[in-house]
Amino acid sequence: MKKIVGLGELLLRLSTKDCLKFSQVNNFNADFGGSELNVLTSIAKFGLPVEFITRLPENDLGESAIMEMKKHSVGTNFIPMGGDRLGLYFLEKGAALRGSKIVYDRAFSSFSTIKKGMIDWKEVFKDANWFHWSGITPGVSQDAADVCMEAIDVANEMGLTVSTDFNYRANLWNYGKSPSEIMTPMVSKCHVVLAGEYASEQYFNIVPEGTTEKEKMQSLCDLLVKQFGSIQKVAITNRGDISASHNTWSAVLYDGKEMHESTTYDITNIVDRIGAGDSFMGALIYGLNTYDDKNALEFAVAASCLKHTIYGDANLVSKKEVENLMGGDLSGRVQR
Amino acid sequence: MKKIVGLGELLLRLSTKDCLKFSQVNNFNADFGGSELNVLTSIAKFGLPVEFITRLPENDLGESAIMEMKKHSVGTNFIPMGGDRLGLYFLEKGAALRGSKIVYDRAFSSFSTIKKGMIDWKEVFKDANWFHWSGITPGVSQDAADVCMEAIDVANEMGLTVSTDFNYRANLWNYGKSPSEIMTPMVSKCHVVLAGEYASEQYFNIVPEGTTEKEKMQSLCDLLVKQFGSIQKVAITNRGDISASHNTWSAVLYDGKEMHESTTYDITNIVDRIGAGDSFMGALIYGLNTYDDKNALEFAVAASCLKHTIYGDANLVSKKEVENLMGGDLSGRVQR
Amino acid sequence: MKKIVGLGELLLRLSTKDCLKFSQVNNFNADFGGSELNVLTSIAKFGLPVEFITRLPENDLGESAIMEMKKHSVGTNFIPMGGDRLGLYFLEKGAALRGSKIVYDRAFSSFSTIKKGMIDWKEVFKDANWFHWSGITPGVSQDAADVCMEAIDVANEMGLTVSTDFNYRANLWNYGKSPSEIMTPMVSKCHVVLAGEYASEQYFNIVPEGTTEKEKMQSLCDLLVKQFGSIQKVAITNRGDISASHNTWSAVLYDGKEMHESTTYDITNIVDRIGAGDSFMGALIYGLNTYDDKNALEFAVAASCLKHTIYGDANLVSKKEVENLMGGDLSGRVQR
Amino acid sequence: MKKIVGLGELLLRLSTKDCLKFSQVNNFNADFGGSELNVLTSIAKFGLPVEFITRLPENDLGESAIMEMKKHSVGTNFIPMGGDRLGLYFLEKGAALRGSKIVYDRAFSSFSTIKKGMIDWKEVFKDANWFHWSGITPGVSQDAADVCMEAIDVANEMGLTVSTDFNYRANLWNYGKSPSEIMTPMVSKCHVVLAGEYASEQYFNIVPEGTTEKEKMQSLCDLLVKQFGSIQKVAITNRGDISASHNTWSAVLYDGKEMHESTTYDITNIVDRIGAGDSFMGALIYGLNTYDDKNALEFAVAASCLKHTIYGDANLVSKKEVENLMGGDLSGRVQR
Amino acid sequence: MKKIVGLGELLLRLSTKDCLKFSQVNNFNADFGGSELNVLTSIAKFGLPVEFITRLPENDLGESAIMEMKKHSVGTNFIPMGGDRLGLYFLEKGAALRGSKIVYDRAFSSFSTIKKGMIDWKEVFKDANWFHWSGITPGVSQDAADVCMEAIDVANEMGLTVSTDFNYRANLWNYGKSPSEIMTPMVSKCHVVLAGEYASEQYFNIVPEGTTEKEKMQSLCDLLVKQFGSIQKVAITNRGDISASHNTWSAVLYDGKEMHESTTYDITNIVDRIGAGDSFMGALIYGLNTYDDKNALEFAVAASCLKHTIYGDANLVSKKEVENLMGGDLSGRVQR
Amino acid sequence: MKKIVGLGELLLRLSTKDCLKFSQVNNFNADFGGSELNVLTSIAKFGLPVEFITRLPENDLGESAIMEMKKHSVGTNFIPMGGDRLGLYFLEKGAALRGSKIVYDRAFSSFSTIKKGMIDWKEVFKDANWFHWSGITPGVSQDAADVCMEAIDVANEMGLTVSTDFNYRANLWNYGKSPSEIMTPMVSKCHVVLAGEYASEQYFNIVPEGTTEKEKMQSLCDLLVKQFGSIQKVAITNRGDISASHNTWSAVLYDGKEMHESTTYDITNIVDRIGAGDSFMGALIYGLNTYDDKNALEFAVAASCLKHTIYGDANLVSKKEVENLMGGDLSGRVQR
């Protein structure tokens, strides 16, 4: 089996328990996450080999992060340790009509100081067939953007499939470049994208047409494929925000010709929706390496539906659990 | 800004975790609450200065209660420490079709021994424009009722708005007077009341007419204003008890001429419904000091809707969070 | 009051908290349970005397199990201590569309080594009027099946009512006998059965006819009563699996002439559904000793509906709580 | 085996975890205790039948207390339920040079309202050979003192051994009688007493002579036996308070002729010293029913030494554990 | 009473529980601390008014920090909110022969961006008689050093006593200036210093002479007073590091003429030694405002001895608790 | 670097928190351990590659165990999954004079069903230079003993160093063979042994001579080397059991000529002493691969001294932490 490689920032997530507000707590749950890592953790759980490229400080927190990745069979062999600090985020869990709240504390992180040349991408990609990154990575710093571009170039040279999740974060992109300037050449060399209406407008000023949700998604796919010739597949997830505790969830996958629409799931009560998009991306990459497009989409939607029942950033459900739901068993019965 | 002053009992709440029954636990969460304090905490959180009058024992528990009020910017400068004990209540949290259960242990509390003359109300009300009390306060003891009447009189003399929440508690009123005898002269000097059908009958034998819920609420408002000439505004909350975990929630506000009806919210899953009425009252007082009547009502309903997602007796949501919901965002999306 | 006696295995349940997956935890909640014990605990809570027959190891875990039964007024006077180990099961709590998962570790348990002659059934049944067992008991081992048959025979001789819950467990029945061979003579001496469609087919190859759920339940009752002349009453519970967090719940009771249908409850969010069938059985036994058949059924359905809100294997709700729900109060209001 | 009967108040203990101060916590551990109950729990653990007489409120807390006593095989068959509230105490755990702090909240408890005639002492004592009470019981209220005297009288009539622990509490004795007036007739009918220098002076103005600790203890024994002709045995424990975490512990037992001195144990780090005296008393009663005086003393000292390692009010060590320490094994080795 | 004012950084402390290593935990206790804040919290607990000057981010963490200070009666009226992030530190608690480990993450904090002119020191010092800072403050950034110098100057002009704790931190001082260059003019305007041998050498190249610990401390006092004419009093604490769990603790206070030596305490087991020096400084400031020098020293040593038994950065013991220990009661007895 | 390979059983440890007794808890901490795994985890932490051979059930618990080993860089590439169950042990933590108590539940484990031929030892040992096993392994079952002998034989053929820890467990060896019969041929092919006086007598009837502890240890080394010609080094640890919380700790290492004696450490308060011998063995293996004999011994004693401060079965201290203690820093100072 060929490896799936990802590049991105690992964050320590410090979250309140039991939907308490920040001012009510005197302890935090502590877990590691980060968009691209979440994607890889999920893929590793399904059984494919993965390798994560990031930068971590040379202290006990960096070491603990490495240990946690190893626990989940995420490869850590090419991580250039160093830099000042681990990026963090604080999470206040919402409920019902009160949304969760995130306070980021990721500036000046070790990952923001990763530099071109630190990674021997030819070596990293030797046994790999896929490279994944998301819009968060180039948003962190110029250095991170440079390393990401460097990786995309080598991946293309070596014939890997390159995927990206648009993942626009308004509080990043503070280093003086516009997202458009940075993202355009990068996406131009990608083959599979997880897109979104808001991000597409922010990054590329692409605004889909149509009145129904379906028309808009079709339009967005068309426009993206038109603008970026490299793109072979576009996926879009569709979340119905009934409340912080109750969502609907579905997705589409456009394969260049046809837009497949998935089953729609009704999810209540949500345990943790952070990382749902990442879990979709991870399962889609796994699916595209395993099934046909239609089934890859269904696998990805079922997997990310289940992510909403998993505490933490990363999806820890097994292939068997996903296939069970994908096969139509919505009962939630006790498995003895 | 003028201060909002409240008078009432502070209770230590000892509650079971995770919906466990009393016989299943060997520890209790410990939080401070009490109807009038909850009202003030909420107002302080929105940004107005508040002062709480109560009585607390001179021991570590009384001191901890003072510290907790300070944390929430509730003024504690006029509290006459003393008496025997802190009132308590034990709370077993329910779920689905099993309601929460409360075991009160508030008899013989320090607050029940507060005495006329202990509080210099002229001094307390110097920078204040509002005095709030609820039906719980005079229900505690003859002394508490006397102090409450004393405060209402001085407040009226000094031109403060006086508000009350009827808050009938069947397990109080044990000191030999009928609620009616005590409550009638008190409510006769109030300007804003949070009323309820059951309490109005218990206290004043007032029974609204009408077949629909709306007709009954209109009737209750009319009857109250008719009986108590001082009353300028009547608010009534309307809870739809679908289960212990799922409620609907709305309210009306009668301004002497018109009965405004609020938005109805659907709340599931409820984190903690204790103190929802208090959070409505607090937000209404804040609202009436800030918005017009219609918006004050909407602010109060939105705030108390959010209270159902906050653990503990008191509402800790910010003005911004309330205005966000009041503005129509029911999505519960993650705020990054 | 006459005693209700039960025979079965007591298990230590080790469960993950907060819907975490097995790989996410470094501690387990630890509680005692087991189908027949759950039945008795529930009956004891309603106020009838009960006695549990099982086998437990002579170590601190066995002793702790005894202490827990005493806490719940379950008689432990006839338990032959000994054998190697306490049976266990590990429980990963599910949510929404992810079902709970159980890993059994009950092989070679002390209970599996219980032997004929260890229990003086005449003595045990002296003040008793009812004996209960479930299909789990004879599924554990040949020895357990022998002791169960021994008890059924003495109970019949002494005029006790004998009840059983079919409770088919696919991962038991490993000792070389078919379930049918063992269960047929046992059920032939039972008077009250809690049956299920799947179990009836597995045990006796009985497949109900009909197209609607109601027709099938009626057919199953008819077929069972026809095959087993001793059976006077057949109960069947009917769970609607909307998700792991949301179920509907109802039951029927066939009294030999008529099939009574109960109220249907909608239960969300479920706290713990393990032991719901046992809580139905316990409340049915209590009900048949206290009410007429129709009310016994309603009591049993209401009690087991409430079980879904109780953490742990056993139902800890009081008679008053059940009768309150049975009386139609679905509001889940706070009881002060 | 004959029963040991005790009379006293059961308290709910609410304690801070991990040596936190009251103002640092938002939850409390909740455990049941009380001097005479602790004595009985310990005896039950060693294997003798015990029966506890107290009064508890008819609510969920009273019921939970009953369940906890049943768990520990403490008989609860003669408890007249009723009264207003369960007595409480709050405990802040100390460490090193900071002592633990207790805030009592036991006034107006159900036990304080127990009345003469509520208990059929002849029935209670039918199968008993020993009655135990402590100085706390008559200190609670005139009613409690009356019931205690009533019990002592019947016990003497029926030939039971009566024991008492002086247990002087300065914050009790608030009902207008001097401790001396109440205690003198009571102790005059006791046979075994656990005395202390401070309590003896407070109760009876008895001040031992001597310069060494041993001389004083000998003197105290002599003076007590001289003053109270009924007394056959006097025990005195001797705690060396090195710090809140480190104590030495020993005792003497005077049998009317000779004062036996026990082994002295060095205990560090103390897990919980509350109830150490009660555990001594319980083990002494067990010992005097089982061993000769010298060994009864050694058993009592070893048992109460081990109590310092047990969380909670009551000693939960087994007879085997005590005998192991009593036999000289101070190693604290892992027992596999 | 005049206010005590402090300037410094507030840090969020994230610590492991139960002496677990970083790689073993998935949650952290979260508490606020920081050297100068700890000093003020302690003083406020003893009853003097205090005001803390710092800078905090305008987010929920900054707001929670404000709430916590209010809880402890620490004035927060002059804090210029703003900047990027709250400084943090991670703490792994040690035991026995394994020391605790701290990972700082305080770079780029809001406090490091405090600027001259942000604070109206004349206003701040209006009702104050004392200003306290420590060597950490100028070590954070040039801006923080500038603000500190600004405060010292105004304090001197307005006649306040200025105190400092040398508090050398090797991992600070990264902004291009030597500690000596910055500290010399600052200490030149201080009146009370808490010095240490190591810090004195690092800051001022002052190396005490002498062979015994006492001679060295005397020499250090002499050298400091000689070099800095403004210094009136020098205190030095003396920790005997027997292990992470067991220390001895004493101090000296040189009043310009005489070096007072305190009682030496033996502390085992230590609950939390972080902030012990700060608690000494706080109690010393309180003591110098309350007692004579000798008693101020004894108060400070007793208070900081007790700090070792208090979880968290700040000392929460009361004046009464300190005076009890200061009076010689080392027993750690339960206070009922 | 060459790999260190170990063979043994992995156990799930379920332990009580805070020194509670079994009957006091309703949850258990859950951690993985086992003598040989503990040895390898420790070595991996110091930086050498390790590979663990065991057998685990194919369920979520087996999978979680694999994940935990990966987290600690323990190789899991040759584990033949299968069998019925994971072995367990229950641990009640002691304190002061009460020892910890272990209830084993390891019978019928997956490891006990490992079979000759399941492991390709030639492949396992390809890059290895050391094989470690302990007396627990052959004590589990005849199959486990056969596999262990098989491994020892191949290791000898391939020139690996073979080490063993005698680790006699009285509750194993239940399969009909005497320990002597099984252990003798095994130890005859070992080069490094961690011996003990008790185990040596149980296994081989070897009883050392001498009056002092040192003479006995010297004698035991001589006798072992005399009886087993293959043995090149004998280590013996020496624990002084002052209490469950306080031990002294040292060791000797006999290199065939000379017996080196280590530093003696005083350890109080112990966090967790389980696995101390394993941590000594692991550090000794690391030491013998890294230092001379004398320093290997000092490294092993310092490492295992620190283990007493680490919760769980395995030693998680770093090489740097060990060398710091080995270098004489006993202060337990905070490391900033």
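Chains here go by letter, A, B, C, D, E and F, matching the order in which they are written, and residues are numbered from 1 within each.
The criterion applied here is as follows: a contact is a pair of C-beta atoms (placed from the backbone, for glycine too) under 8 Å apart; a residue touches a chain by one contact, two chains touch by 3 or more.
Chain labels with UniProt names: A, B, C, D, E, F = 2-dehydro-3-deoxygluconokinase.
The shown structure was predicted, so the numbers you read here are calculated from the model rather than taken from an experiment.
Centroid distances from subunit C, each centroid being the mean of CA atoms, peak for E.
In summary, the pair subunit A and subunit C forms a contact in which the copies contribute largely different residue numbers, shared numbers making up under half of all those used. Separation between the centroids of subunit D and subunit E, computed from CA atoms only, is 45 Å. Counting partner chains per residue, subunit F has residues 21, 23, 26, 67, 101, 268-269 touching two or more of them. The touching residues of subunit A, counted against subunit F in their complex, run 67-68, 70-73.
Subunit C meets subunit B in the complex at residues 265, 267-271, 305-306, 308-312, 316-317, 321, 325, 330-336. Per the touch definition, subunit E reaches subunit F in the complex via residues 18-21, 23-24, 94-102, 104, 169-171, 241-246, 268-269, 273-274.
Touching subunit A in their complex are the following residues of subunit E: 14, 21-23, 25-31, 59-61, 63-64, 67, 84-86, 88, 90, 92, 101, 103, 105, 107-108.
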